[in-house]
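Below are two complexes that have chain A in common, paired first with chain B and then with chain C.
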Partner chain A sequence: MSKLKLASYWGAACGGCDVAILDIHEKIVDLSNAADIVFWPIAVDFKYSDLEAYEDGYIDVCLFHGAVRNSENEHIAKLLRQKSKVMVAFGSCAISGGIPGLANFKKKDDIFARAYFDSPSTQNKEKVLPVPVLQMPEGEIDIPEFYKDVKCLADVVDVEYYMPGCPPTSEQIWNVVLAIVTGQLPPAGSFVGCEDRALCNTCKRTKTDKKIKKFVRPHEIIVDPDLCLLEQGLVCMGPVTRAGCGNQCTGANTPCSGCYGPLSGVVDMGAKYISALASVVDADSPEEADKIISEVLDPAGTFYRYGLPGSLLRRAK
Partner chain B sequence: MEKTSFEPKIIGFLCNWCSYGGADLAGVSRLQYPPNVRIVRVMCSGRVDPTFVFKALSDGADGVLVAG
Partner chain C sequence: MKKITIDPITRLEGHGKINIFLNDSGAVENVYFAIPELRGFEKFCEGRPADQVPQIVSRICGV
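On to the complex of A and B.
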């Protein structure tokens, strides 16, 4: 049997998913015994032309991380789709837009104005903006086109599997790699490398009646290491977040930020969290409820931190 | 040219035991009211998930009424 062919690519991503893959440490040697890496820009020297030269379906599994921010991301996503038998949306960005997806709270013009005119470190007297195609005396030059909004991978190509996390933990990556190598992947369309229950189920903290009079940020209190973080007034996304990360944040006295995304069947994670918060606020009057809720800093950015493009809000209009 | 007036589409989530009962009574009493409100009966307004509101608005409703 010929060796498996693996590919990995980053769209609009920070590179953390690549680091998470490399964090399987010496097992990377076992991986290379079982599979050939045929495309992985951050770690292996293959060019786009090499990818184009492969036959269709040459790659067995492609781990695509990063959102689709520009035309280059979309072009390579489509190319990889054509060359790969199995496409995995790897990490929050590919699944639901992730941190880059928060840009959808602003319009493209606002983003350009901030990046190229207004930011304190920018000097741009001629008000030059990037243009996708430019005619120069030497000929035409082009750069990828910046889209008006950030998209998820599944918005541009078909995706077989979803592996959540920001980034997915190395333990889960190794589990999924083993499943790929031994041919034990679940039916297409499944979420892999995670559990189908909320993070609270795997959280060891003591949970009692949740009655919140005041929301706080982590630096404002000394966090009790044994008590539910939400009960202490911290905005912990645990109730609406998929488990599987090993409770790294809550284990370190830090509230869950929701990187593993919503549970199966949930259309909009932020709406579910609004519902969850509404049920734990202990207010005696509508005014008090308003006051308590107003203490949640940046609710949109917190509830949709990893999934704005994949939510019902999608983007600013 | 004919003047066009804005006719909002409003999705109303009404509690079976009070506001839906009220809407029903309005019908039985033959009271006329504009058809802009499209009613969805729920067994309790506590059943209304914020997702319903988001979904209604994103699918084109101009307003959402939760009564109960």
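On to the complex of A and C.
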């Protein structure tokens, strides 16, 4: 049997997913015994021209991380789709926009103005903005078009599997690699490298009746290391977030920020969390409920931290 | 003028490409380094609670 061929690529990403893959440490040697890496910009030196030269379907599995922020991200996503038998949306950005998806709270022109005119470290008296094609004395140079909105990978290509996390844990990545190598991937359309139950189910903290009178910010309390963080008034996304991360944040006295995304069947994570909050707020009147809920700062940015482009909202007006 | 494009540049964090222009005698006339990536952290961190910003900006670079 010929060796498997794997590719890994980033769209609008931070490289954290790549490093999470590399964090399988010496097992990368086992991986290289079972599979050849034929495209992976952060780790090996293949060019887009190499990718273009592969036959269609040449790559067995492509792990695509990063959101679709610009025309290059979309072009390479489509090229990789054409060259790959199986496409995995790897990490929060590819699945639902991730942290770069927070840009959908802002407008393209305002992002450009802040980045290229107004930021304190920028000197740009001529008000130069990036343009897709620029004519220089020696010839033409080009950069991708910055889209109006951040998109998810599945908005531009068909996707077989979804692997959540920001980033997915190395343990889960290794489990998925084993499933790929041994041909034991679940049916297409599945989420892999995670569980189909809420993070609260894997959280060892003591849970009692949730009756929240006041929401607090992390610096306002000394966190009880054994008690449910939500019951202590911290905005913890655990009730609506998919388990599988090993409770790294809640285990470190830090509320879950929701990076593994919503459970199967949940259309909109923010709406689901608003529903969850409504059931735990202990108010005697609508006015008191309003007061308690108003203590949650930046609800949209918190509830859609990793998934605004993949939500029903998709973007702010 | 001949153009050699190295795209993408690899084994680093981030996206980049290099355009090298050669003159008629084959010597390098000019080189342009392009960063084809902007996500806009400068803008979308605005309005986020200060205690959340470290978690957000740690995703500028995860390497």
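We adopt the following convention: the second predicted complex is superposed on the first by the 315 of 317 C-alpha atoms of A that agree within 3 Å, B and C clash if a C-alpha of one lies under 4 Å from a C-alpha of the other, contacts with A are read in each partner's own complex, and residues count from 1 in each chain.
To be clear about the criterion, contacts are C-beta pairs under 8 Å (C-beta built on N, C-alpha and C of every residue); 3 or more make two chains touch, one makes a residue touch a chain.
None of the values given here were measured: they were computed from a predicted structure.
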item	value
Clash-or-fit label for the pair chain B, chain C on chain A	fit
First, second, both or neither for A:G251, with chain B first and chain C second	neither
Which of chain B and chain C A:P218 touches, first, second, both or neither	second
Partner chain in contact with A:C14 - chain B first, chain C second, else both or neither	second
Greater chain A contact set [chain C / chain B]	C
Partner chain in contact with A:V267 - chain B first, chain C second, else both or neither	first
Chain B versus chain C as contact partner of A:P299, first or second or both or neither	neither
Touched partner set for A:L313, first chain B, second chain C, both or neither	first
First (chain B), second (chain C), both or neither touched by A:S275	first
After fitting on chain A: smallest Cα gap, chain B-chain C, Å	22
Chain A-facing residues of chain B, complex	49-51, 53-55, 58
Complex interface listing, chain C residues touching chain A	1, 3, 6-8, 10-15, 19, 21, 29-30, 32, 34-40, 42-44, 46-49, 51-52, 55-56, 59-63
Contact set on chain A toward chain B in their complex	266-268, 271-272, 274-275, 278, 312-314
List of chain A residues in touch with chain C within their complex	10, 12-19, 41-49, 69-70, 72, 98-100, 102-103, 105-106, 110-111, 114-115, 119, 130, 136-139, 141-144, 146, 166-167, 217-219, 257, 297-298, 301-302, 305
